[in-house]
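One chain, chain A, appears in both complexes that follow, with chain B as partner in the first and chain C in the second.
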Partner chain A sequence: MHTGTRRALLLHLAVLAGLFALQFVLPDYHHRNLARILVLASYAAGYNLLLGYTGLLSLGHAMLFAAGLYGAGLAVQLLGVNAASGFAIGVLSGLALAVAVGLVALRTSGVAFMIVTLMFSQAAFLTTLYFAAFTRGDEGFVLPEASRQYQIGSFFFDLSDPGTRYNFALLLFAACLMATFVLVRSPIGRVLVAIRENEQRTTMLGYHTFRYKLLALAASGAISGAAGAAYALLFSYVGSTFASIQYSILPLLWVLLGGVGTTLGPLIGTVLMFYLVDVISGYTSAYLLLVGVALVLLVLVFPKGILGTVRAKAAPWLP
Partner chain B sequence: MAAVTLLATEGLSRHFGGVKAVDGVDFALDRGEIRAIIGPNGAGKTTLVGMICGRIDPSRGRVRFEDRDITGLSAWARVQRGIAYTFQITSVFGGLTCFDNVALAAQRRVHGHRALDREVARLLGRVGLADRAGVVAGVLPYGHQRLLEIALGLALKPKLLILDEPTQGLSDAEIDHFCALIRDVAAEATVLLIEHNMAVVMELAQRITVMDNGRILAEGAPEEIRANPQVQEAYLGS
Partner chain C sequence: MSFGPHLFLALLEGTVTAFVLALTALGLSLVFGVMRVVNVAHGEFFMLGAVLAWAVSSLIPASPALGFLLALIASPLAVGAVALLADRLVLRRLNYAPEATIVATIGLLYILQQLVLTFYGPYARPVTAPISFRVQFPWFGYSGYKLVVIAAAAALLAATWYLLMRTRIGLVMRATQYDRETAQAFGIPVERVYSGIFALGAMLAATAGVLIVPIQQAHYLMGLDPLLLSFITVIIGGLGSLRGTLVAAFVIGISDGVISVFFSPTLAKIIATLFVALVLVFRPSGLFGSARA
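After this line comes the complex of A and B, so read on.
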């Protein structure tokens, strides 16, 4: 039991150390990509908490990512708050939206839950278009340069500097990874997994499963919001594409590819899918088709994903 | 003996379409007893205890537990008040280890890694699965899954432990072990046992309730029930 936990902890720390070291050897192009991937992998980690550990398949996570993105972006753009406050507002936006949606959507399950989350997310997407006066809709807006530079004590940060950007992205990912690691190894995580396996039975052990599902969705929303906020602040762009259905499907794909219900799967899935799309889009603009095909193939022939398969075959201690 | 009523139902009924699965049952249980409910297939036993533990909503009637009306309480809240139910059809968490199964049931009561480890080990030992902690429950033989199911029930430290056909599919040796276990449990909890195996019923139960067609046909000590002609006709007839 506990040797497994220690081994898993060491593995997670080694992965984080490796990611830290990579910034010194990667060429510019990949350095920039990896910063972006780390933010998206954080988003995937938030998605995985709900799908992988609680068994709830949402088709509306784009609204949570976008809540963070717009929460941070609009606060910086319109209210002129600094980047740190913008980030906090983004996290809270994701959290609050997740709780509000959860109070309604979690009364359903299975396919109905997928449809309800999808509809909420489409409504959020349309909202970003409707308020184009503030959001500039599809076209989006770029954050002012000054908002991305700020001072904490005697430290000066410039988020447009690639090195700073990379390390903030890594910090976000490390926080999300370790938070999910601790959560899934905790008694609460055990209950979430039990709900995934058999909700009725979990109820008969004295758990009010609705509360736990709401908690999982809230945590997932906060992490998705954090990723969205970081995306806005680090890459300086806020647009409604990020609220579209595409950004609800992508985390599903990343998580399925990397291994649903594994803490490190979302990272692996995001890296692979990012570069796959990168390569393919050099040849064709129909990369969404590829996303669709990959999704179907994964579900049909490779449901455990990469790390899920490794865990089943060789490393049962993987969290 | 100054019996204290732990559980009582009043006019409890459940209809499925035209089927009166349970039909106006007044059933009472004293604190500390081991009670068996027997009756032919489809008599309404599972439905009755389902309404007691909150898995099934009654069509009519009330349930009282420790002098409180719990009819409106959800199943999880009844579990928290001390009513545990083990399923007729084994439904342990097949994808989780035995350790995690029992830990799930125990962790609301026992906090901290070490204490939980110890408690789970104790409970697994109590049902004879001490060496199975790391095994995924789904691959256990059926009899062991039934024992694990009982360990889950015990882990809740219930005031009332409801066991729905716990010995179904167990070997003779396992049944002996089970009977010893239940006698041991009865020191701490009231036990309500639905059971088809008459040897087990006669050995364990202090009182027996006989159900037929959704109603209580007879109730009494084992020897009274054995001697009851109505019961012999309806059930023990063989």
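After this line comes the complex of A and C, so read on.
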């Protein structure tokens, strides 16, 4: 194995081991926060796959997150399926929506792609409000306690138990992190990066770039859907806030902060932003001001983000 | 009220919406056409115009008409200054790179919204209309102020058209839009033109905000709907095409008035949004625009 790859693999495993160990030392409050952050960081990882490695800036990922959230939540709530099937339905919903949107939206690029995804996402958000009879709109609904308990053989899971919840969130994040790590190191990942750097040249080299972009969007949608489904099942709340434009902007912010096109960047960005907002909220309710200032400052003076800068300055082997 | 007068009322309401929308969307369209910048914070300039109109007119409680006139001048100027500042501090430093500027204007949107929430509060406040007569039709009475809005917006649209098509400044702006590099080679200060266009676009939105505030109260979230409608208008009209933008504003404004009188607003919005996304994908030059986007 290439030394850079081995070093990177060791780093990823060390980060995951560290996250596993943290649950035994963290106080309750931070323990609960970190479970939430891990799910949101998975969402950010899905977003980064598209923005960071394929160069497509979407302003509509909230619809994919919400597809997972509602796919899992409504299946559990209305059809009474168990948590595992609900999760699978959520992932498939994210995947299916991403492919459907991709077939249309990927005919555009750049600014038009941003606006088209924004519009589709807005339509999805309005749809969750329109079918308020099922989704209960803004108010949302809480999943029943029984649906979050699950038996496999002799193992019994209760997703409302903090420890179980943390480890499921970690499992999800580990799967997303390692999937992106493997994908970006694979030949497919190389083609995606080539598309990001110069799409015309990649086409000229004989690659069908539309298919690769659709593949990246589909993978990004599946991961976002998985994060949404996990959010619904682990925190038992489903509401249309998660489909609003704000939840399309947040992953963009997390990825920009952590480092666009770095596998561990989404985690770092999500942790930092989550705690910044948490601290600010103690003083003022206008935390969106912080989001705005952070966005402007990031594109203005810190476009590579934290890990992007580290990679450029000190560690070129970072994936 | 029977169907005929009902439709007439809907058309009147639609015409008011159309003129206000035309002003707002023209600003967005100018900024996109000349600078190739998609300004997501455009709706916040509209909102800022309305909120500042409340602030200015509440300085002169004795005379609503005078207060409103003062607001009509001061508020767009203040918003233009904010836009100029945003251009100098942020957009210019990004070299007007399309994707980075979108992200930056999203940031600007949150900043303006939250600053207004902090200093103005979560209230919805009305501004007294400068005139209070009612036009009496055989079937219903109609606010005379709304007719004033139509007249004022029409005058402003005409003035903007005159500025762009008949003055030297307009010529310089159009030259920059047509070919930035050649314009620069001919000694046109492109950066100053960009600042001017960005401020002008913001001022158009702010004026629309001032005009609307006696009809619709000033609130810190009021910028979102005009933003979305302006986007729809600019896309349907063809990105960067001013004439297309105006035509689209009238089609959309009037149909919005008619639709919201007769149908469920949420469903209408869903269909409109999806339709616009498809137009942008399959007819990027718009439904009414020329082939050159």
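Keep this in mind: the second predicted complex is superposed on the first by the 318 of 319 C-alpha atoms of A that agree within 3 Å, B and C clash if a C-alpha of one lies under 4 Å from a C-alpha of the other, contacts with A are read in each partner's own complex, and residues count from 1 in each chain.
What we mean here is this: a contact is a pair of C-beta atoms (placed from the backbone, for glycine too) under 8 Å apart; a residue touches a chain by one contact, two chains touch by 3 or more.
The model shown is predicted, which means the values in this text are computed figures rather than measured ones.
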{"item": "Partners on chain A (chain B, chain C) - clash or fit", "value": "fit"}
{"item": "Partner chain in contact with A:Y130 - chain B first, chain C second, else both or neither", "value": "second"}
{"item": "Chain B, chain C and vertex chain A (Cα centres) - angle in steps of 10°", "value": "80"}
{"item": "Contacts of A:I306 with chain B and chain C, given as first, second, both or neither", "value": "neither"}
{"item": "Partner chain in contact with A:N198 - chain B first, chain C second, else both or neither", "value": "first"}
{"item": "Contacts of A:T209 with chain B and chain C, given as first, second, both or neither", "value": "first"}
{"item": "First, second, both or neither for A:T284, with chain B first and chain C second", "value": "second"}
{"item": "Partner chain(s) touched by A:R190 [first = chain B, second = chain C, both, neither]", "value": "first"}
{"item": "Most chain A residues touched (candidates chain B, chain C)", "value": "C"}
{"item": "First (chain B), second (chain C), both or neither touched by A:A83", "value": "neither"}
{"item": "First, second, both or neither for A:A294, with chain B first and chain C second", "value": "second"}
{"item": "Minimum C-alpha spacing, chains overlaid - chain B and chain C, in Å", "value": "14"}
{"item": "Contacts on chain A seen with chain B and repeated with chain C across the two complexes", "value": "none"}
{"item": "Footprint of chain B on chain A - complex, ascending", "value": "1-2, 187, 190-191, 193-194, 197-198, 200-209"}
{"item": "Contact footprint of chain A on chain C as seen in their complex", "value": "38, 90, 93-94, 98-100, 102-104, 106-115, 117-118, 228, 231, 235, 266-267, 269-270, 273-274, 276-278, 280-282, 284"}
{"item": "Complex interface listing, chain A residues touching chain C", "value": "57, 59, 104-105, 107-108, 110-112, 114-116, 119-120, 122-123, 126-127, 129-130, 249, 252, 256, 284, 286, 288-289, 291-296, 298-300, 303"}
{"item": "Chain B to chain A touching residues, read off their complex", "value": "53, 55, 74-77, 79-80, 84-85, 87, 91-96, 99-100, 103-105, 107-108, 113, 116-117, 134, 152, 156"}
